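Sending over a structure as structure tokens; questions will come in a sec.
The first chain written gets the first letter, and so on, giving A, B, C, D, E and F; residue counts start at 1 in each chain.
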Amino acid sequence: MKTIDTMVDSILDSYENYGGINFTEAENFPNKETVISVLKDIQNLIFPGFSTAETLDRTNLKYSTGERVHRIVSTLTTETKKALLYICKTKQQNQTNCFGLAEKTVLSLIEHIPEIRRLAKLDAEAALENDPAASSIEEVILSYPGLEAIIVYRIAHFLQKNGVPIIPRIMTEYIHGKTGIDINPGATIGESFFIDHGTGVVIGETCIIGNNVKIYQGVTLGALSVAKELQNKKRHPTIEDNVTIYPGATILGGNTVIGENSIVGGNVWIIKSIPPNSKVKYKLADSAD
Amino acid sequence: MKTIDTMVDSILDSYENYGGINFTEAENFPNKETVISVLKDIQNLIFPGFSTAETLDRTNLKYSTGERVHRIVSTLTTETKKALLYICKTKQQNQTNCFGLAEKTVLSLIEHIPEIRRLAKLDAEAALENDPAASSIEEVILSYPGLEAIIVYRIAHFLQKNGVPIIPRIMTEYIHGKTGIDINPGATIGESFFIDHGTGVVIGETCIIGNNVKIYQGVTLGALSVAKELQNKKRHPTIEDNVTIYPGATILGGNTVIGENSIVGGNVWIIKSIPPNSKVKYKLADSAD
Amino acid sequence: MKTIDTMVDSILDSYENYGGINFTEAENFPNKETVISVLKDIQNLIFPGFSTAETLDRTNLKYSTGERVHRIVSTLTTETKKALLYICKTKQQNQTNCFGLAEKTVLSLIEHIPEIRRLAKLDAEAALENDPAASSIEEVILSYPGLEAIIVYRIAHFLQKNGVPIIPRIMTEYIHGKTGIDINPGATIGESFFIDHGTGVVIGETCIIGNNVKIYQGVTLGALSVAKELQNKKRHPTIEDNVTIYPGATILGGNTVIGENSIVGGNVWIIKSIPPNSKVKYKLADSAD
Amino acid sequence: MKTIDTMVDSILDSYENYGGINFTEAENFPNKETVISVLKDIQNLIFPGFSTAETLDRTNLKYSTGERVHRIVSTLTTETKKALLYICKTKQQNQTNCFGLAEKTVLSLIEHIPEIRRLAKLDAEAALENDPAASSIEEVILSYPGLEAIIVYRIAHFLQKNGVPIIPRIMTEYIHGKTGIDINPGATIGESFFIDHGTGVVIGETCIIGNNVKIYQGVTLGALSVAKELQNKKRHPTIEDNVTIYPGATILGGNTVIGENSIVGGNVWIIKSIPPNSKVKYKLADSAD
Amino acid sequence: MKTIDTMVDSILDSYENYGGINFTEAENFPNKETVISVLKDIQNLIFPGFSTAETLDRTNLKYSTGERVHRIVSTLTTETKKALLYICKTKQQNQTNCFGLAEKTVLSLIEHIPEIRRLAKLDAEAALENDPAASSIEEVILSYPGLEAIIVYRIAHFLQKNGVPIIPRIMTEYIHGKTGIDINPGATIGESFFIDHGTGVVIGETCIIGNNVKIYQGVTLGALSVAKELQNKKRHPTIEDNVTIYPGATILGGNTVIGENSIVGGNVWIIKSIPPNSKVKYKLADSAD
Amino acid sequence: MKTIDTMVDSILDSYENYGGINFTEAENFPNKETVISVLKDIQNLIFPGFSTAETLDRTNLKYSTGERVHRIVSTLTTETKKALLYICKTKQQNQTNCFGLAEKTVLSLIEHIPEIRRLAKLDAEAALENDPAASSIEEVILSYPGLEAIIVYRIAHFLQKNGVPIIPRIMTEYIHGKTGIDINPGATIGESFFIDHGTGVVIGETCIIGNNVKIYQGVTLGALSVAKELQNKKRHPTIEDNVTIYPGATILGGNTVIGENSIVGGNVWIIKSIPPNSKVKYKLADSAD
């Protein structure tokens, strides 16, 4: 067997040969740990005091909020610059403009926080109204993974829409790992969105979802084909206002539209549009005999 | 663009306008971090030495166990008081009684630990007997997410049954996030329960599950309707003793009973009762052509 | 109610009566925390700088890599000895040989790291080629849970193939919890493997998967029966080269072979072999009316 | 030899028999760790950014200062209440008044911080003027133990003068341990005070020191007698304005006054008053032959 | 200039050439960090709750004390074995006996803790009686460096007397650094010992000090000569019962005895014996003119 | 009383009015915490494994040493740049040159480490030879504060000699605080230097000390006058080879030379030169009556 020193050298060679190493000195990419840490800080800015044991009272709220905002701005701007560096080089853009974009975008996100809080409140109220098991807004904030996934999506979506690459995806994959709910940050989602249980939910990059939509565990809003040339094309469905989609339903295709006020039954498989006010039920007859 | 100070002020305004902030000085709710931390301590009390690198030997076991019990009692009583405060106020009950309930319930949980350990041992043995891949009880304790989810359910169920709100749900959502297994703490589950793989399993609040039941990944035991007025009604199925439910099966409705010794095939969709000793198979004929 | 001291004594009694305690002084099993910690170190050895905020530059790469390798060797050898102790006792083997195996196997793993990196690069390239949403190898490394699950499988599989019990399973269950992707470390998987979204994927112990296979969320490659006597028998399917399996498909049975270049549609249920170049579609006709 | 359990019991008996244990549930005294931690916070409030690696910029200074002030108020009030409890009980005072005093005193200290900073600046300037080795105010702040000891004295003296027991002494003993300079918090010290090197300096409880005084290492300003009945009597000397005292000098007695503008030579021993403008030299003649 | 790699190699060479490196694999010496950490644990065992913010109440005292004792036994035995290894090798003793001595000595120390607590209480009472500034036993425990130095001496002396090398000296040098009081662990010191202020106090290895002795800052009880051949000879003075020694006094020589009830004035220099009941005063006359 | 917000504003005003704040964005000075942390790293590079519980074996020594060296270079260069910034501005030097000096000096220090280790070994041997209480080099390394102070001096002196301001003084004041030994980094000290006990030792900036010098606690090598205009003049004594200076001796003045092989008795006060081979004794006659 080789000596450890020889093995170390082989590993070093494999860094040269196969890449896959994130050097600080070269084009340094963001790292997961830092991005997730700043995401948690933003989550705590949105619903302070529910996740961690911090002491919040009215006399120090201004200071602790200000500190948190500064910490978020500082850390997220640094990571955003790294994420943009790749684009700047690829598109041969001016780096100064590119870096200016990082600062501007992070500040816009902070400015957008009250709006995200308004949406988060509507999302939480939708859960309270639609789940018989929920008994207060606070219980929803404390224990509904669907709400947590939606809020992280709303943060990541804002960054993605404003031109930040990679970081939004790290954020949604973090919450995908934690909740089993996989919402692509590129999706467009309206107000008062409710996801129950959530494990296995997939919402694709070009989905458009209206207001007051409810979906359950295992629902896929996906693409009919995943050919690489479809990049940047609409390849995921549109869900109009007030639609409910029960567990395990699969709805595929960029031209598929579920009309408003429709109810989609559990486990169905849909690849063409459904008119408004429809009820799509699973055919049960011969499957349960 | 606004200055950071102005943005901080807007965020502070949004705390006033939309709530969603957990002040220490007012009705302070439990926080996730503390509840999850005490839950992990209880898990380590149930199977000591398997999760963390602590040193356990017979001469110090008494002291380390005693320390752990005191730490659990102290922390969980504090969080339980916060959880009960909300109920006390809503129901205009006497706060002293309400707080006395916190202490009493936490001590009952400690007294109940040997019984939870007896049940946990039966659950672990069920995994060992039913999974060809398992080769020892210790392997099951170390690597079966189903066992971990069941034990957390048993802890949370005890608290819920004894009147503690919110905390049981934070506990089961924590383990839902970690395992993809979503067992509502209100469900009633018998001895020797086995869940394999587990991702996507949903077991609703009013489910009743007998002894020696086995279920696989993606099984939903859910409600036919989620209308808010069904709160506190039985809306999830009953699974009798010795039933096996294969992956992806969906069983819905509060009156649906799966009779004892039945086998429910993968991916089936069941909304009415099944007599004892049935075998419900998925209809394969025309789906694979 | 009993005093706390009495309750502590009851818990101590239950350790005597029901076992389930991992004493340091007796046959001490590995613990999850340490195994997961060393696994993360190995993941960082494979793709350095992407997960954590460490400073990596060319002048110190040799030293930081050497330090990491030594730390991995030291910790993993200790845990592997614990895992092997159980086997040594059961099979009445010589402990010295058994412990020598621990050291030898861990060093072999280190020697195998460049090969795992070669495979990881191919897996990452497969994701980049097959997902329209992916725009660089670095983005795949940073945000694709499927890639992370596959790499952990490749590490765990190497250890399992070389006779290490329990630890490979702790590793794959850790990443199962994090990604919802459950790959048994015993499975055999070829090059350029791609899993998209991934939540709910189950790949059984005796699966054989060829090169260039793509699978989506909710796919089960499972056993038709889980009778204990099937232990060590091939009870999971074979997937040949260039097969694509869409979301929610279930493929069961040790004799079931999906022929090369086949496409398996979403949500299908397959329990017999499919010839090469097949397209198995879900029957949609009457379910979507 | 006894068993460990028996030894533990003997130690528990000795807690009963000899006391010396600080129970949380009874009259709980402050603890050193917490008092020293809050003292360091106050030191950082006085000269921010010199001791620790914190990030201070003008845009977040308001928030970080506000957070620090709130943290100091909260922690120091808690510890001060514990310190006052002892007095309240001994003097049979009303506890509410006593606790109100804690809050009021801590807030007074915060209000007094700008004045302490004004004095600290004068003390630092005195060091810069009097030590040939010093080249900037910042160097003095960063590396002169005398300045650190004087500032801690000024904080502790304020608390002691306002009736807080024990805590001031814990503070000055902490800095005594760190610098070898032992200033009793009861001493009265004027502006622009300079201590060089400092090891072995002792300044007693009832000392009165004027403005622009300079003292060197090993100087004792002590009592002639330490009889217990002298408690609360002036038993340490008075040093008037502009006096310099060289290394190792010992000045004792409550009636001893060193008149203004005097210079006291190294190693002298003084127990009676010295008129203004004196030069007291060590008699060298026959000691160095 | 050399490259960093070359510099690292030079440093590695200097480890070969000059030694001074503490290899884990060879004769591994104790390290300061671990010894000081276990010393702090012992200090907290002696006066629980005064140094750190731990929660101590009567119901968990047994468990927390038991845990602490086990932790001390385990860590201190490991370090003591390292310290004894050197002696075992030098004296060619049987290593098993030598290691047995480690365990036996550490258990004896634990057995001796109640006696150290009895002595510590007397030492604390001596401070309370003799210092006009002290107002309670708790204040003395919390803020008198002399008491802390004496207790550490009593712990270290017990270990040294029982044959443990190096560790006692690491302990007393730790407290020397913290208090400026340097008591050699070999010294013999009676009951009710009081050191005030303490900075600069030196008490040599073969000193013998009776009961009720009081000494002040800067007192040296030293050797007349430090010739290497005096190793293991009595070369430091004897101080009989009830003696008081004022600041800066120097008493030297192994045959020098300060008779009981004597008072030694500040800054005196004594190299021959003094009869009981003497008062040795500093000659002030011509030094203060 | 003012509100907390008003008090915070007053403190902010005092930052404006009195300075004394170390802004990150402006001329940022080094901070103590970071400088002390890197100093400890250098101390561990000099005597590895004695201070902390790290695992050192021959196979990983190269890697751990290399990592440590890189960490030291990186951190110390950053702090040195801050220290030099002040000088660059004051002297209106080119900042690039100034920063190049930082990197060059830190690398020179690393190159100088083997020489510092050679000197440290001689210093340790001097302690072993001269103290009857010492029994091995390792015991000296582990427990002699004099050796630790000398090594820190040698590190700081190298930096000071190479033009680095402030940082050397922070280093020597750290060890002054820990040992009571105050050696100015500007002093020039030969080989095989021994300080015993050490508390209260002061060695001034322009001292010159030869080889094989021994000094004891409380020795001052100081200036006769501290007038500011003496800055950069030799104002502290010269001690030639093989001189021994006993406790409490004070030697003052830039022209004072203690000739080689001389012995200076305890507590003497010297302000003029002493020829070689002298014995200066304290006059005891009339002080001890």
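Worth a mention:
Here, a residue touches a chain if its C-beta (ideal position, glycine included) is under 8 Å from a C-beta of that chain, and two chains touch if they have at least 3 such contacts.
Nothing here was measured: the structure is a model prediction, and the numbers come from that model.
When the contact pairs of E-F are matched by residue number against A-D, C-F or D-F, more than half turn up again in D-F.
Counted by C-beta pairs in contact, the busier of B-E and B-C is B-C.
Averaged Cα coordinates give chain A a centre that lies 55 Å from the centre of chain F.
Chain B has its Cα centroid 26 Å from the Cα centroid of chain A. The set of chain B residues touching two or more other chains comprises 4, 8, 55, 59, 62-63, 65-66, 69-70, 180, 199-200, 218, 248, 267, 282.
For chain A in complex with chain D, the residues that touch the partner chain are 55, 59-60, 62-67, 69-70, 74.
Those residues of chain F whose C-beta lies close enough to touch chain E in the complex are 45-53, 55-58, 61-62, 65-66, 69-70, 73, 104, 107-108, 110-111, 113-114, 117-118, 120-121, 124, 129-133, 135-139, 141-145, 178-180, 196-197, 199-200, 217-218, 247-248, 266-267, 282, 284, 286-289. Contacts from chain C toward chain B in the complex involve residues 1-2, 4-5, 7-8, 10-15, 18-25, 28-34, 86, 165-166, 169-170, 173, 176-177, 180, 182, 184, 186, 199-200, 202, 205, 218, 220, 222-223, 226-233, 235, 248, 250, 252, 267-272, 280, 282-283.
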